[in-house]
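Dropping a structure here in structure tokens format, bear with me for questions.
Chain lettering (A, B and C) follows the sequence in which the chains are written, and residue indices restart at 1 in each chain.
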Amino acid sequence: MKNTSFAAIALAAFATSATAQTSVTVYGAIDAGIAKVTDKTLAVTKRDANKLGFRGTEDLGNGLKALFQIEMRYEPDTGTVESGSRPLFQGQTRVGLQGDFGMLRIGRGVTAVQDAKDAFDPFNGISGTPGFKGDVEVAGYTSQPLDPAGSSNDRFNNAVWYNSPVMGGFALNVTAGTKEANGGAAITGLGSSAAPQYPANAEASANPFSVAGTYKLGMMAAMLGYERNAIETKLLHAGVSVNPMPELKLMATYARQDQGHTKAVNPDTKGWLVGANYTVGAGRVLFGYGQKTPDGAVKTKQASLGYEYNLSKRTFLYADVSDKKAATSVKYYGVGVHHNF
Amino acid sequence: MKNTSFAAIALAAFATSATAQTSVTVYGAIDAGIAKVTDKTLAVTKRDANKLGFRGTEDLGNGLKALFQIEMRYEPDTGTVESGSRPLFQGQTRVGLQGDFGMLRIGRGVTAVQDAKDAFDPFNGISGTPGFKGDVEVAGYTSQPLDPAGSSNDRFNNAVWYNSPVMGGFALNVTAGTKEANGGAAITGLGSSAAPQYPANAEASANPFSVAGTYKLGMMAAMLGYERNAIETKLLHAGVSVNPMPELKLMATYARQDQGHTKAVNPDTKGWLVGANYTVGAGRVLFGYGQKTPDGAVKTKQASLGYEYNLSKRTFLYADVSDKKAATSVKYYGVGVHHNF
Amino acid sequence: MKNTSFAAIALAAFATSATAQTSVTVYGAIDAGIAKVTDKTLAVTKRDANKLGFRGTEDLGNGLKALFQIEMRYEPDTGTVESGSRPLFQGQTRVGLQGDFGMLRIGRGVTAVQDAKDAFDPFNGISGTPGFKGDVEVAGYTSQPLDPAGSSNDRFNNAVWYNSPVMGGFALNVTAGTKEANGGAAITGLGSSAAPQYPANAEASANPFSVAGTYKLGMMAAMLGYERNAIETKLLHAGVSVNPMPELKLMATYARQDQGHTKAVNPDTKGWLVGANYTVGAGRVLFGYGQKTPDGAVKTKQASLGYEYNLSKRTFLYADVSDKKAATSVKYYGVGVHHNF
């Protein structure tokens, strides 16, 4: 609530605020390596998303906090924003309040389901080729079908997030979006090219939402999620993990996508993924195997093996091999470095 | 003035400079809410501009300071730069010196007139629908007519700013721009489509400038400003405010725009705005009513009522209603949160 | 290596990390002034690149460090990214390790040759009109010919950097790039418009690389570099400098570009540059003269004289005059301010 007298405005704009200095944390990650993919030239690439973010919390008293987080994404091999075309703050732009009631935020970010699933992914939800995110793991589902090409698969624009407190190991996370148009291309769906089901820059036909429940008990954890996007594709996602010993984590997910609202035939796609993480000294072995089975189309099968070696709590080296069999099959070999700051 | 020996360059680039750490303040604001506008779907939107800025001052001795400020703008509901198309540092990019003589800056920013007027706006110059900025309050005037579509209304590119010190309550602010072309679309004006008065990527036909005088005496404040843009549209802007008691501020502005250089008929537009702010405990009520009267065209009439509730000095919740009658009339209802960091 | 349990993810994302706060240095530069160039209107412009960067180092023990640096570029007169079209992090995006072995980095940045040459440039490699960078000094050579229009002249995408430690005054810097396509326009070269030698979005025909050796002994320094870009244009670059007295630095460079891989006739261009820096009190005089001689085409001759006056270690004022004779000749007069933060 600014209420400055007019004479003070210009000069005050330059006052170096001591409080401002302590209210923002600058953070991020840079991940770059070298990879060889079948039939492609050797490339400098990334394994995980590259981030530059700004976040902070403000104590409002009575256990209430204001909080914000805005996060850029970028490509370390070319210096552009993520994929060369994504929004500047592709990571997230959210502001909200946190208290005994949980956390309520508004803006743009990863949906409740897509956020919860990474803990059951043996490759931690990395976006690079050896990971399972966005394809096998979620049965090819995309959260933003009416956004412009180049948008990411796992976010909602124009949405509200509620994260419940953890109660007896159980937590509930909900994301609800508006029907606002976001400038995407037309989707033919059950219509025709002349009269597409969703014309260019269409509004959602129903409010998109995403609900995820998570549960943790001792060495066991589980999630169950359900999401409906702007063109009424539905996604059911379940995950479970167990740590039979401290250094070993086993995990599995199952996803089912229903495109019945836009596809007359073969609307269902199923995906499943099993995997393990095994810690040895400063290193960790990652293994995953999954399949995606679209109705009446060729299966995707992917196996990935990775190794991460911690140089510190913030920096690790990695090496991955991955084999993906689909309409086009690819083998992947990559090494690199990941540095959090 | 860098003068490093060649052998030290590569390594020095990575030296973590302690002085650098203290010379930049990272600051900003995030403002997001939910709004309903007549005939539009419920939307996640903003009420005020969203900022991520970097600024600092350096003491040069003898009362002289160097200062800079660069400020990004973004959309919290989609993560893009402001409006999806504005310059990365839409807020401002200025560097300069400050001393007994006042403040002299160069770069890009809000003009002297547009900067001074916000203190006389009952909605503090917010850019959202309930505000009066850029339309009613300034009679529809735009400071950057030769810039590409999507540029903002109230800035000069390629300009110099001088802010005088406050002398006996009086201050003078001046902005002067070059005639440089900025890549805008053609403006037909008094020409024809075949030979527009300002072709695409035209230079200014006269140097744009903006002058604002402000005066403060006890409970009373006033401003008088005059601005001429790159296509020689002129804007006269006057404002006055009074605080009859500490919790009440009354204010009024009058603006007159003369487009005689590019319009043969009906070149004049007038705008006026009256309003009040009333502080009650941690809350503040905002009210404004204004009209814009273009020669020979339909009037715009707007009434807005807002309420801001401070959760802290940096965070407040708000609720607004607004009714705008024009060629197309809209009613607006919105609630949200504003967090400064 | 993130391994957080699922229940903690959402809340932990907002924990203000004390370590993060100290691991990033925000730095930059803002440089703006006023300049007049022959046949152009008076303009607000820059003399040197404008930067906003984020960097840090992490001590890994045993003399090993992790380091990263990501750097935006922008235009202070319009608020856009550099040139209005360059990548967001145009400056650099690199991550790597540093130890007794030297420094190894991966990402995008200035090549070894282009990085080493600035120390032999009397105008310190500034990008503005009075400088010699990118034209006379490097014989018109460009490091990124297959990148989209608007890319800079002196960087490699998709590359690895090695900087040796300084041994007896000698250091070796190497940059090696992949053949990856980067979305550039077609280059006709020795082909035809119908069948260009490098079609649009072509891969490199050989791995680009850049090698520079630098040597420093007492008051003398020298460099010798060789670079081959993605279309196999070769650049030889040599430089020498001497400080006969502490306040005087004399320098000279020689460059030879061989475009034999894409030009059938007149493939060679030579460039040379001599200059001096002279420190007087808080000021410094800069002088340079150079020529670029392309086979069978008109020569470019440029003389530049500059003066920098230090207001502090971080801020200086400058004034330059420059005279460039080529196919189109221009005279340049400029003044401005440069502020490092």
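Criterion: a contact is a pair of C-beta atoms (placed from the backbone, for glycine too) under 8 Å apart; a residue touches a chain by one contact, two chains touch by 3 or more.
Note that the structure is predicted; figures quoted are calculated from it, not measured.
Asks: How many degrees of rotation map subunit B onto its copy subunit C on CA atoms, rounded to the nearest 5?
Replies: In degrees, rounded to 5: 120.
Asks: If you list every residue number at the subunit A and subunit B contact, are more than half found on both copies (same) or fewer than half (different)?
Replies: Interface between subunit A and subunit B is built from largely different residues.
Asks: Counting only Cα atoms for the centres, state how far subunit A is from subunit B in Å.
Replies: 35
Asks: Would you please write down the residue numbers of subunit B that are in contact with two or more other chains?
Replies: Answer for subunit B, listing residues that touch two or more other chains: 26, 56, 88.
Asks: Could you please specify the touching residues of subunit B with respect to subunit C in the complex?
Replies: It comes out as residues 1-7, 9-11, 13-14, 16-17, 19-21, 23-24, 26, 54, 56, 58, 60-61, 64, 66, 68, 70, 87-97, 106-108, 157-160, 177-180, 182-183, 203.
Asks: Would you pull the subunit B residues touching subunit A in the complex into a rising list?
Replies: 25-28, 30-34, 41-44, 50, 52, 55-57, 67, 69, 72, 74-81, 84, 88, 98, 103, 115-116, 118-120, 124, 163, 166, 169, 171, 173, 214, 216, 221, 223, 241, 249, 277, 284, 308, 310-312, 314-316, 336-339, 341
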